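Both of the next two complexes hold chain A, though its partner changes from chain B to chain C.
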Partner chain A sequence: MTRYVVSRLFSAGLSLIGVSIIIFVLMQILPGDVARTILIGTSGEGSATPERVAALRHELGLDQPVHIQYLSWLVGLFRLDVGRSLTTGFPVFQEIQNRLPLTLELSILTVIFGTLLSIPMGVASAIRQNTWIDHLMRIISVAGIAMPIFWTGTLIVLVLAVGFHWLPPLGYVPPWRDPWANFQQLIWPALALGYYHTAVVARMTRSQMLEVLRQDYVRTAWAKGLRERVVISRHALRNALLPVVTLISIQFSFSVGGTVIMETLFFLPGIGKALVDAINFKDFPMVQTIIVLFAALVLIINLLTDLAYGALDPRITFK
Partner chain B sequence: MEELRPARPWSAHLFSFARANTLATGGALIAFVMIVLAIGAPVLAPRDPLKLFYGNEFLPPSGQFLLGTDDLGRDILSRIIYGARTSLYVGILSVFFGQVIGGLIGMVSGYFGGQTDTVIQRIMDIMMSFPTLILALAIVAGLGPSLENVVAAISLTQIPRAARVIRSTSLSEKESQYVDAARSIGASHVRILSIHILPQCLAPLWVLSSIALPTAILTEASLSFLGLGVPPPSPTWGGMLAGAGREYVEQAPWIGVFPGVAISLAVFGFNMLGDGLRDLLDPRLRGTR
Partner chain C sequence: MSRRLSVPRILWAGLASAALLLSGCAPAAAPSQPAPSAPAPTAAPAPTAAPAAPAPTAAPVVRPTATPQPTATATPVGSRVKKGGILLEALWAAPGDLDLLAATSMISLAPLALTYDGLVKEDPLKAGVIAPDLAEKWDVSGDGTKITFALRKGVTFHNGQPFTSSDAKYSVERWMKDSDQLAPTLGEVIKSVETPDANTLVLNLKFQYPDLFRSLILDWASIVPKGQPKGRDLKEVVGTGAFKFKSFESGVAYQVVKNDKYHNKDLPHLDGVTVYFLPDRNTGLAAFRAGRIDITAPVYFTVPQFKVVDSQMKGQATAYLYPNSFWWNIYLPMNKKPWTDIRVRRAVFMAIDRKQAMATVDQGLGSVDGVMPPNLGGYTSDELKKVPGWRDPKSQDIDEAKKLLAEAGFPSGFKTDIFYRTGGDYLNMATFVRDQLTKIGITATLTTRDGAAFYDYVYARSYDIHAHRHPFAPASPDTILAQYYRTGGERNFADVADSKLDALINKQMGILDPTERKKVVHQAEQYLYDNAEASIISWGAYSQGWQKWVRDFVPGQTIYDNLRLEAVWLDK
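After this line comes the complex of A and B, so read on.
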């Protein structure tokens, strides 16, 4: 088991390095000179004389060879000091620190909602195949997969505004300061994202359950006279859920991307919105660091899933 | 022999096929309508999508403007029809490039094996560790928002998955007897790859493309929603949902709702079409619906 864990950790670390290289290279292709862009400013009124441009380039470290820039950025990542945001002037890591709790909370809420709703839905759909429950669940699933999440979010806001004449409060309050306000702010994007999550996972759970329910050991359980609840929970569910665990981690990866959209739609000051703003303002220290952070999150989740898989299915660790 | 041929016309066959595969046929119809709209946009759209009809802002759907007007007085129906053009153009092009390039990489990687294979697979794994939208965002961030860059970005997000699947096809075909036979009579690698292995990769590529197209359409819509897709004034479904669609959702919901319906229908249609294609091309999967 330890060897499994160590090899997975090592592989995740390598992937993270690879990710940082790709992102760094992408940012280097950025057209236009960053120093000029900063000096000219967003209103186009700054002056960008060659001396000032050269001075700023030297200050930002842009005149050093590319691999030196990359290495100093990489070292900075480990020391949690990658310089300052080009738009706000505050240290990048401070900006991230301020916004990370929101995005994390949103992602976790999404996965919780999604999983809590989808697995019962999928199971119910499978054990009552071809009844109205099954058809209803399948329609909900198919609709959820097709609807873009920003539209689901817009529809939720529409229903709230027109039906209840109420809009979610803007901004963000951490849950430990005012849990009710926090709930009001985050429940809607979490529901919108969670709906997509639910649709995909419910579909998979249903097909997995259907397959497992046809297996011989389930037939044996029925033949033994066990109650339906016992057959499902003790025998069928555990085996059906294995691929679903993998799917949930894939979905987490999607919901990380989805938080970008949800935060933009609901005006939540999280990392996703920060990324979009940073891209629009060509704030490449922020862009680089946030993307590496997202990739790291996904890699960590994949790692945890691999470990969970290894724990749930002993056959895997004995390879 | 004449008595054995059924007397039904070909249309009856078509209808029974359609009834047996309702979802797939429905999806195919929706997809067909979308394609027709996209190609025939200049002819089918009632008005110029970019024209501002002053004094006609925020009109609800009516006989004159079938889906209403937006905050600048533009006809929403025409914008949706032209938006189909953008979405499908970006979607089909990026799927084409993504699958072809990814398929080639996977085919070569699987066939030659060894160190090259390991390195390429590593790179593909790293690319897959990004959420699709984030990767597309990063590429558009690096290159700047334009139609070509959006196509490039979405193609790049599709390459790793295609490479993975085709690589496994290539790996299994590499060991087959006819490849062995070809090798033994001195066929070159290029010949073996192009004549023997490539045809086997086509069916999986079709299946992959059918899954990839709806995803590509959604990614394009998401990028436009974030303001990082095809730049204005080109009408895009995602872009229509972003600014005025979101802002005026209480007073003029039609501005945001209709583009969303369009996206959902397109994704649903192509998804169902893809499901049906998969059932046709891969009979082993038919029983597991």
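After this line comes the complex of A and C, so read on.
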């Protein structure tokens, strides 16, 4: 198993370098001059004389050859210092360090919230197939898939602000500083994101459970006179969970992307928002570092998911 | 085979715990008053601070009155103000660096200006009135080319360094060289800066300049310590202003706290200001409605948002429009065919129905003034009615435009392209212009670019027609004439290069007498119309909102004035 993990990590490293090259090339192809954009401002109020643009390009190191720019970024990545964001002027790693906890917390909260709801919903729906419980759960899950995340999020903001004249405190307070404020800030976006997550996973759980409940070994378990709780949770659910776990891991990766919208809607200074801002300004050190980080997260999640298969299904071995 | 199964209790428990999780964080009830995060004022109310008495102004500032406004009145002298509290302000983006003197836009100006003073300022309680700041008084020589400022004594920067005339000289020289808004005029007007002693600053002008003080009250004209690093090398904001820098977190907020050693001992009233960077203006509006934001930066609210605040928060908040704070333009690169032909340019300008543009794109919140608004010496609406392009009925303009196109060799019109910036209401204006041009047979497609790419196209003039809006400041004819229409002007997006026009623009810059200056400004304006060089479509109004508990906030004459908030207090 150790050899398997090491080989997966090695191939992950190669994948990350490939990702960084692709992103760098794409950023270079994109039209636009970050120096000019900084000088003019987002509202187009400023002016940008060629002299001022040239001076700022020099200050930002944008007048260096393209391959030098990439290599200095790559070397910086290994030294954990990729320089400063072109737009904010803050060190990229400092920006990520400040923002990553929020995005991770939101993603984890989303998955916890979604999983906590979706698996019971899916199981209840399956074991009460074609009853009002099943119909209700299916309506809830279909609605969750049908409603775009940004719409759900906007609706929550509107209901809170217009209906209750209340919104969570602006910005982000880490949980170790003020757990209650942190909870108020994150629960609403987690709810909006988690609803979609719930809907998808609940449907998958239901279909898997329906399939497993018709298997011979489940029938045997009933025939042995086992209690219902044991049949459902130990024999049926455990076997039905294998594809569900895969889906949850995919959903986790997806929720990292989904945080971009929620961070904007709920004014949460997370990494997703930073990425969008950086792309708009063509801030390549920032974009590249964040994308590589996201890619690394996805690769790690995939690895953990593969390892989880072994724990759930004893027939799976790693070579 | 089917078997009736019951839902195991553990599953119900899972559902119930998730439901509990949600119910626990719902607001208990709609609060009667919004619950802001700022600490409540604890200090006993103190008498109103009397701001420094304004000295006679060298150049009175005219306040535009085109649009009816809610009145923002100062607390009467003798009544009481409440000290303390943190004012929460919304801005849409964070500054790229901390160098105010090189700032190009509101995103830098609004947060950074809080920490600085200028030589003079716009009276925070009387819009348009010039008041002393770090200069206690000043003397203008008989020919108007030498201004001697007596600087305030005993003032220190936030780092403890004493303020002297050498700091003022350093700052003025930076305004002349580095300031996006001030350098084009002050760099041209100021010949030299002298410091006869530590408390005297002398500006020697090349010629008498009527808008000198109008430029000096802008927050760009702030005083920084001599030798302060520039651009991204500047890591700490150090001024002499009413507030001291506390923290800056990119993408989150910029915070300042009260300067206890401020030279006006009665100010500021607030304990501090936190400027939140809220790029999504709908989120900003929601936060404003929920009371999480006390005041927005000027320009923050869009027209629909202004209408929401104005109609749905009556009595709770003020929505203010800055008259003529931006202008819509249609730029035709004059050295590019077919725009090299004056008849084609004139036809396009005549085809645009400006009243309709203002009524539709800006939903009626604007004006159809010409290149120069009347308050800057431009034509009045009655005078404009005689100018082709503004005439009633519009049909005569359209008929004449068609004739001009036919004479220019385009009896059936031609195909062209309209370039606009993605987002905002730029698409609305581009679509409007396209529809207007079809009336004279010109068929246009629309092209857009976003973010950084947009400016590449603009500065490379990679367009046939460019429909765009620009914020406008300061309130001086030079802002328009010198920047947009003079040869080589920083914002001359149509590449106008006309020596006769340049001569008129230069001439008006040196005329102190408002009546005489107005005559020359009129000549320049008429010249722009006669030669189809005027790019104006219509004027719009940016808006700003503040809650009813924000007191003694008086909007400045333009969006770039009175951003220091030193006289503001919270009536909570």
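Definition applied: the second predicted complex is superposed on the first by the 277 of 319 C-alpha atoms of A that agree within 3 Å, B and C clash if a C-alpha of one lies under 4 Å from a C-alpha of the other, contacts with A are read in each partner's own complex, and residues count from 1 in each chain.
Everything below uses one rule, namely that a residue touches a chain if its C-beta (ideal position, glycine included) is under 8 Å from a C-beta of that chain, and two chains touch if they have at least 3 such contacts.
Just so it is clear, the structure is predicted and the values come from calculations on it, not from any experiment.
J.: In the overlay, answer first, second, both or neither for which of chain B and chain C A:Val212 touches.
T.: After superposition on chain A, A:Val212 lies in contact with neither partner.
J.: What is the contact status of A:Pro269 with respect to chain B (first) and chain C (second): first, second, both, or neither?
T.: After superposition on chain A, A:Pro269 lies in contact with chain C alone.
J.: Would you check which partner chain A:Arg99 touches, where first means chain B only, second means chain C only, and both and neither mean what they say?
T.: second
J.: One more residue to check, A:Leu191. First (chain B), second (chain C), both or neither?
T.: second
J.: Name the contact category of A:Val292: first (chain B only), second (chain C only), both, or neither.
T.: neither
J.: Touching A:Asn280, do we find chain B (first), chain C (second), both, or neither?
T.: Touch status of A:Asn280: both partners.
J.: Which of the two partners, first being chain B and second being chain C, lies in contact with A:Phe90: first, second, both, or neither?
T.: The answer is second: A:Phe90 touches chain C but not chain B.
J.: If we overlay the two complexes on their shared chain A, which of chain B and chain C does A:Phe150 touch? Say first, second, both or neither.
T.: Only chain B; A:Phe150 stays clear of chain C.
J.: With both complexes superposed on chain A, which partner does A:Ala199 reach: first (chain B), second (chain C), both or neither?
T.: neither
J.: Check whether chain B or chain C contacts more residues of chain A in the superposed model.
T.: Touched residues of chain A are more numerous for C.
J.: Show which residues of chain A both chain B and chain C reach, each in its own complex.
T.: The overlap between the chain B and chain C interfaces on chain A comprises residues 30-31, 154, 157-158, 161-162, 264-265, 279-280.
J.: Please name which positions on chain B make contact with chain A in the complex.
T.: It comes out as residues 122-123, 125-127, 129-134, 137-144, 214, 218, 221-222, 225-228, 238, 241-242, 245-246, 249-250, 253, 256-257, 259-260, 263-265, 267-268, 271, 288.
J.: Show me the residue ranges of chain C that touch chain A in the complex, using the header's touch definition.
T.: 1, 3, 5-12, 14-15, 17-18, 21-22, 25, 27, 29-31, 34-35, 37, 88, 92-94, 96-97, 104-108, 180, 231-232, 249-253, 276, 278-280, 282-283, 286-287, 289-293, 299, 421, 449-457, 459, 468-471, 483, 490-491
J.: Going by the contact rule set out above, which residues of chain A touch chain C in the complex?
T.: 30-34, 36-49, 56, 59, 84-85, 87-90, 95, 98-99, 113, 116-117, 119-121, 123-124, 127-128, 133, 154, 157-158, 160-167, 169-172, 183-184, 187-188, 191, 219, 222, 228-229, 232-233, 264-267, 269, 273-274, 277, 279-282
J.: Within the complex, which stretch of chain A touches chain B?
T.: 14-15, 18-19, 22-23, 26-27, 29-31, 142-143, 145-151, 154-155, 157-158, 161-162, 207, 210-211, 253-254, 256-258, 260-261, 264-265, 275-276, 279-280, 287, 291, 294-295, 298-299, 302
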